[in-house]
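Per-chain numbering from 1; labels A, B, C and D assigned in written order.
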Amino acid sequence: MIALPSLVLLPAAGGLAAWLSDRGPPARHLPWWIAIATILSQTLLLLFVTCTAGWSSGPWLAHFSMPWIPALGIAARMDMDGLSLVLLWLTTILSFPCVILSARDVGERPGLFHLLLLATIAGINGVFLATDLFLFFFFWELMLVPMYVLILQWGHEDRRRAAIKFFLFTQGSGLLMLVAILGLVILHQHATGVVTFDYFALADTPLMPTAAMVLMLGFFIAFAVKLPVVPLHVWLPDTHTQAPTAGSVLLAGILLKTGGYGLIRFVVLQFPDATARFTPVALAMGAAGILYGAWLSLAQDDMKRLIAYSSVSHLGFVLLGVFSGSAMGMRGAVVQMVAHGLSTGALFVIAGSLQDRLHTRDMRRMGGLWQALPHLSSIGLFFAIASLGLPGMGNFVGEFLVLLATWRISPPIAILGAAGLVLSAVYSLTMVGRAFLGSPHAGQDTDQTPPPADFGARQMTVLGLTMALLLVLGTYPQPVLDLSLPATPHAAPEMEAIHP
Amino acid sequence: MSDLPFILFSLVAAWAAIMVVTRDIAVHALLYLVVVLLSLAGVFFALGAPFAAMLEIIIYAGAVMVLFVFVVMMLNLGQTDRDRERHWMAPGVWIGPTLLSGLLLIALCLTLRAMPPTTGSDTLAPIGPQTVGILLYGPYVLSVELASFLLLAGLVSAFHIGRDTRATGVNSGTATGDV
Amino acid sequence: MNATSPTQALLLATILFTIGMLGVLARRNLLLMLMSIEIMLNAAALAFIAAGARWHAAQGQVMFLMILSLAAAEAAVGLAIILRLHAAGRPTLDADTGNRLKG
Amino acid sequence: MDALLLPLIVACPLLAAGLLFMSAGRMPPLPTCVIGAGSVGLSALMAAMLATGFLRTPPPAGALHATLWSWMQVEGFNTRIAFTLDPLSLVMMLVVTGVGFLIQLYAYGYMHDDPGIARFFGCMTLFVAAMLVLVFSSDLLSLYIGWEGVGICSYLLIGFWHTDTANVAAARKAFIVTRIGDAALLCGLLLLATRAGTLDIPALLHIAATRPADLSAETAAFLLLGGAVAKSAQVPLQTWLPDAMAGPTPVSALIHAATMVTAGVYLIARLHPLFASVPAAMTAVTIIGLVTLLLAAGSALVQTDIKRILAYSTMSQIGYMFLALGAGAWQAAIFHLVTHAFFKALLFMAAGAIILRVHHRQDIYQMGGLARAMPGVFVAFLAGAAALAGLPLLTAGFYSKEMILQGAWHAAPLLWAGALLGAFATAIYIFRCLFIVFFGTRHTEPHGRTGATMAMPLACLAVLALTGGWMEMPDAIAPVHLLSHLLSPLFGAPMPEGPTWLLWAGSLVPLAGVGVAWLLWRPRIQTRAPPEDALARLARAGWDFDTLYDVLIIHPFVTLGRLNQTDICDRLSNATAATARAGGRMLGRMQSGQVRRYAGWIAAGTVVALCLGARP
């Protein structure tokens, strides 16, 4: 199906068009409009893909394959299963708040900004689709570099340090993954005599337990950095804090999910035995992530840092779910990823809007914003409540399924996870209390003679739709649950391989 | 017993080298250097390399040292330079280099001792210039070419560096003319 | 009768090399450093000659010739630099300030 | 038809809440109130219709079912959004919608000039909807939606006047303390779901009834109890309730007296076969109930803030309900829940009417002599106080408390003695409050009038507080057993009654309490200052549980968090970076441009290389 590569090429082409259309101040919003057109057409394309997918022909819904470097067994191969589809939809949906709310008022060089933004989205789409490990790695790097430049160029005060930290962590772990990929390819060649980077072929490689463990760890570390898992999370708060709002939304909303996606597709499904042996460690790391992230989130004064640490906490649930070894946990993890993308993405939009209005992220200098910004504050309250996992919102469904799946294999870990829910209430409500409620901060109204503008119709519409999606996900998650079970590599879509 | 000239020359060379390194007047050091070179020529002779010994005397002790002498003359060193040299050669300065050199000496000696004892020819029959010449323009012709390139490069760079002064032009001319 | 000569010559070469190195390391005057380098080069040349004598081969002397040309070129360039420095107003020829190349 | 009505009862306030939130405060107060109170009124009406239908022609299986949709359906676990109407939820539904409607009406009078009235009514109606979900759910997980939903509404309403930081802190505390219980409850749900593969309540109860209780059942019972304890403000998670009085008074009446705090009682009653099969859990429920009952009554004796008196009284009364549950007197607990909803809502609303007219003062020592200025409110308060104290024959509280005392007697006479002591204290503290507030010299001149929208609900509840108990009487007085009969399909036959002297004791002790209160605080000898000895201070501070938790848990946690604000893991990676940078700087220092140093390094390298080369 040619639509799969189009999902990658379309944003990239749109980004190029936006870049070329940047003709200085007179047409300042032209790149923005082009970006909107791009994501709109991406939505239509994805809709088309969803409709024409082979729903009846097994777990793999669509397929595309084209030789790329035949000498090394590298092909431009893409396959889509339900998991990919869910995450592609998440990407598409989240690119709307990204572009509509955050990217419009970017000051300098809007063309380049939109190019990088859309290039990142293209890379993410590619990551969710690629089933050739070489191609996967290519996209993995593709989404990293534009993000780095975005942070470096449009970030906040300490952006250089944050950008370099982000780059080093992700790149370093990416190299580990590359080594693991090459190791896997070489072992596969030793075993079968065929050099290939094909995911389906490599998944069948017979491996010694030790070799499987080492390769699995290579992949695991790469994805664990991205997810992030606790000792490797340190790039995330800095990066989120310093990134421009659109970058934060993209990072928190989707980029982190590539880690979860990778864990499911390239760790658990590719190395099932090694994963089973690694499970206790991963579960402990997940629980540690939940509690540690929540604990640190509680201690932050910087609003974006708080949200960033809360991401660490929420994504601990994803780790638990992925490694719970059951389909239920896997589904729960996917729902959690989608819900976290929506809720945390929206929270970053709100934090970014606050920074635009108040020129600070420090909650010690906020307080009582409800009077001045009732709409913004109520939306902030809503998403904070969503992020603390109130039943009826998407986050609860994910957390509950993950905890239930975890309870089956290890009740103590599940209890720790549930304790994380208490802490999530603490930090969410602390954030709401310090920023939106309470008495107005002393210096607030004297500093700015015109009161900061509240959310307008544009923001309310987009965020309102996000809220609606979260509620729907929370009350009727069945479509996502049905889709989200990843297809195993052993059920390769052979029948469709004939007509690309 | 024909070791005697060798040992004699060796001692002179070592002593003179030490003197070179420790002099505070450049001309003195230079003269001791000439002594080093001459005694080394003797050592070469004793080792059965008369051609090398001649070249050592003619080119090294003759031409290159003259170069040095010219430079020392042009530098026009005086009492202040001597004082400064004295000041630079305070005893403390020597500790580090001596330590390092001592270490190197010990290491090299240990390496020498580890070498198998010589079992080759008993007599050091001299190797004349003819043998050397045949070898030089036979298998080693490429390195001769390389050496000529090196000298050309030395010429060009010396000329370039000393272009603006009247002295360097002469120097570079001399340096290349010697070989 | 000369059985031990090459080894002794190597010992002499070692000593000379060490002394030359001592000079390079300890002296601050560029001219003296250059002289010390000459001693080191000669030590190396002596090692070649000794080795040639040991194996009774002419290659040692060929190498000596190479070293000779090297030394000549080095002395030419080095001395040119010294003169240049002197002319440019650094009469002390201090090696430790030599890193400030821009006069 | 009836099954359709069930979701409609929930949907009505839910839609109204959505509408009110959407209006974003642009609607004038009257339509706001009409939507808010009207929707709850409509719910109440439908509930009444449903109830009459239910009572006239009971459905075949004793319960109505309405399955809305499948919520989550994955391998090995399946949960639905499903509602059930059985006698227990029928009673709760009537209480929630009926009392809720009256309080909504009252709230219009109380709040009509507040700028945030749309938010207020939105949260209130949302609360009613969530509470109804909690009550109706036939699946524990959808019950959990309501459970957390009422929690978040409580949070929003306690912090309704959010410009005051203290209110916000109180709201957060309430939510977080209950959230601790919720986490325990969630763990219980996880355990049950793992054990049974479903959270459908009938299925769970069937399992509990048929399978002998093992360790997991016991653990589950205790975890569920944890949730109930936090929600119902029982020891040791009771500390949030007094602070929750920071919210507007209608909120205290609806959420923190009549409905939400009794959710724990409802949960245990709903799952009573599960608890009954675990004797240890039953004992724990009893002990928690008794301890809370006595501690809270002791605190209420020395409070000075009228709303805090009522808050501690609520804790104490829910302690009674827990006691009854632990003793196995399920009907008694539900009966007391109902009468308590009447008289406590009444007391709160009367207190609210007073507070509104004395310039938002809440200290009872600043009131005094108000009986003459506001006779209507006085009568209402008197009715509520009499019911709370359980004055014999006339009041609803008497009958329900009597039933609990009987149940306690059957469980253990010691429990009965404790409960009786509690009843004695109850009579003292509430009449102390009444005497100080309404008698004696006047300290604050009341102003204005209590409007009709406030008076009417007061009157209704006053009548209910007096007569609501007549549906269930001891045989010694009259053989009326409406409620027991209604609930007996669920709970089995009620307990046999004890000896008649129990009834005498239960009647005389409250009277004695009133007498003591009169002796101590009658208008003549009233002291104008609260007692100030150490014990009184301790009791007033709620036995210092707050301080204890603060020192033991919160303070260390927060301090450590602050210390680690910059993230020790980050420190680690920064240290790596710093090492690399220092190493680079050191290497850079080697490139000093000094020839002699370079020569030295070369020499050193040579030495090292020689040593290494010479070694093998």
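Assume a contact is a pair of C-beta atoms (placed from the backbone, for glycine too) under 8 Å apart; a residue touches a chain by one contact, two chains touch by 3 or more.
In this text the structure is predicted, and so the values were computed from the model without any measurement.
Peer 1: What is the chain whose Cα centre is as far as it gets from that of chain D?
Peer 2: It is B whose centre lies farthest from that of chain D.
Peer 1: Could you let me know which interface, B-C or B-D, is made of more C-beta pairs in contact?
Peer 2: Between B-D and B-C, the larger count of C-beta pairs in contact belongs to B-C.
Peer 1: Just the number, please: Cα centre separation of chain B and chain D in whole Å.
Peer 2: 100
Peer 1: Express in whole angstrom the distance between the two chain centres, defined as the mean CA positions of chain B and chain C.
Peer 2: Computed value for the inter-centroid distance: 5 Å.
Peer 1: Please tell me the distance, in whole Å, between the geometric centres of chain A and chain C computed from their C-alpha atoms.
Peer 2: 65
Peer 1: Counting in whole Å, what is the centre-to-centre distance of chain A and chain B, each centre being its mean C-alpha position?
Peer 2: Each chain reduced to its C-alpha mean, chain A and chain B end up 71 Å apart.
Peer 1: Which chain D residues reach two or more other chains?
Peer 2: Only 600, 603 qualify.
Peer 1: Note the residues in chain A that touch 2 or more other chains, in rising order.
Peer 2: Within chain A, no residue contacts more than one other chain.
Peer 1: Where does chain B touch two or more other chains at once, residue-wise?
Peer 2: In chain B, the residues touching two or more other chains are 96-97, 100-101, 104, 108.
Peer 1: So which chains actually touch one another? I want all the pairs, not just one.
Peer 2: Contacting pairs: A-D, B-C, B-D, C-D.
Peer 1: Quick one: which bits of chain C touch chain B in the complex? Just the residue numbers, please.
Peer 2: Where chain C meets chain B, its residues are 1-12, 14-23, 25-29, 31-32, 34-36, 38-39, 42, 45-46, 49-50, 52-62, 64-66, 68-77, 79-84, 86-87, 91-93.
Peer 1: In the complex formed with chain C, which residues of chain B make contact?
Peer 2: Contact set of chain B toward chain C: 1-3, 6-7, 10, 13-14, 17-18, 20-21, 23, 26, 29-30, 33, 36-37, 40, 43-44, 46-49, 51-52, 55-56, 59-60, 63-64, 67-68, 71-72, 74-75, 81, 84-85, 88-89, 93-94, 96-98, 100-102, 104-105, 108-109, 112, 115, 117-118, 120-125, 127, 131-132, 134-136, 140, 143, 147, 150-151, 153-155, 157-158, 161-162, 164-165, 167-168, 171-172, 174-176, 178-179.
Peer 1: With touch defined as at the start, can you tell me which chain C residues reach chain D in the complex?
Peer 2: 21, 24-25, 28, 33, 95-96, 98-100
Peer 1: For a test of understanding, state which residues of chain D touch chain B in their complex under the given definition.
Peer 2: Touch list, chain D to chain B: 600, 603-604, 606-607, 610-611, 613-614.
Peer 1: Report the residues of chain A in contact with chain D in the complex, numbered from low to high.
Peer 2: 165, 169, 230-231, 233-235, 237-238, 295-296, 298-301, 326-328, 331-332, 368, 370-371, 374-375, 378, 385, 390-392, 396-397, 400-401, 403-404, 407-408, 411, 414-415, 418-419, 421-422, 425-426, 429-430, 433, 436-440, 475-478, 481
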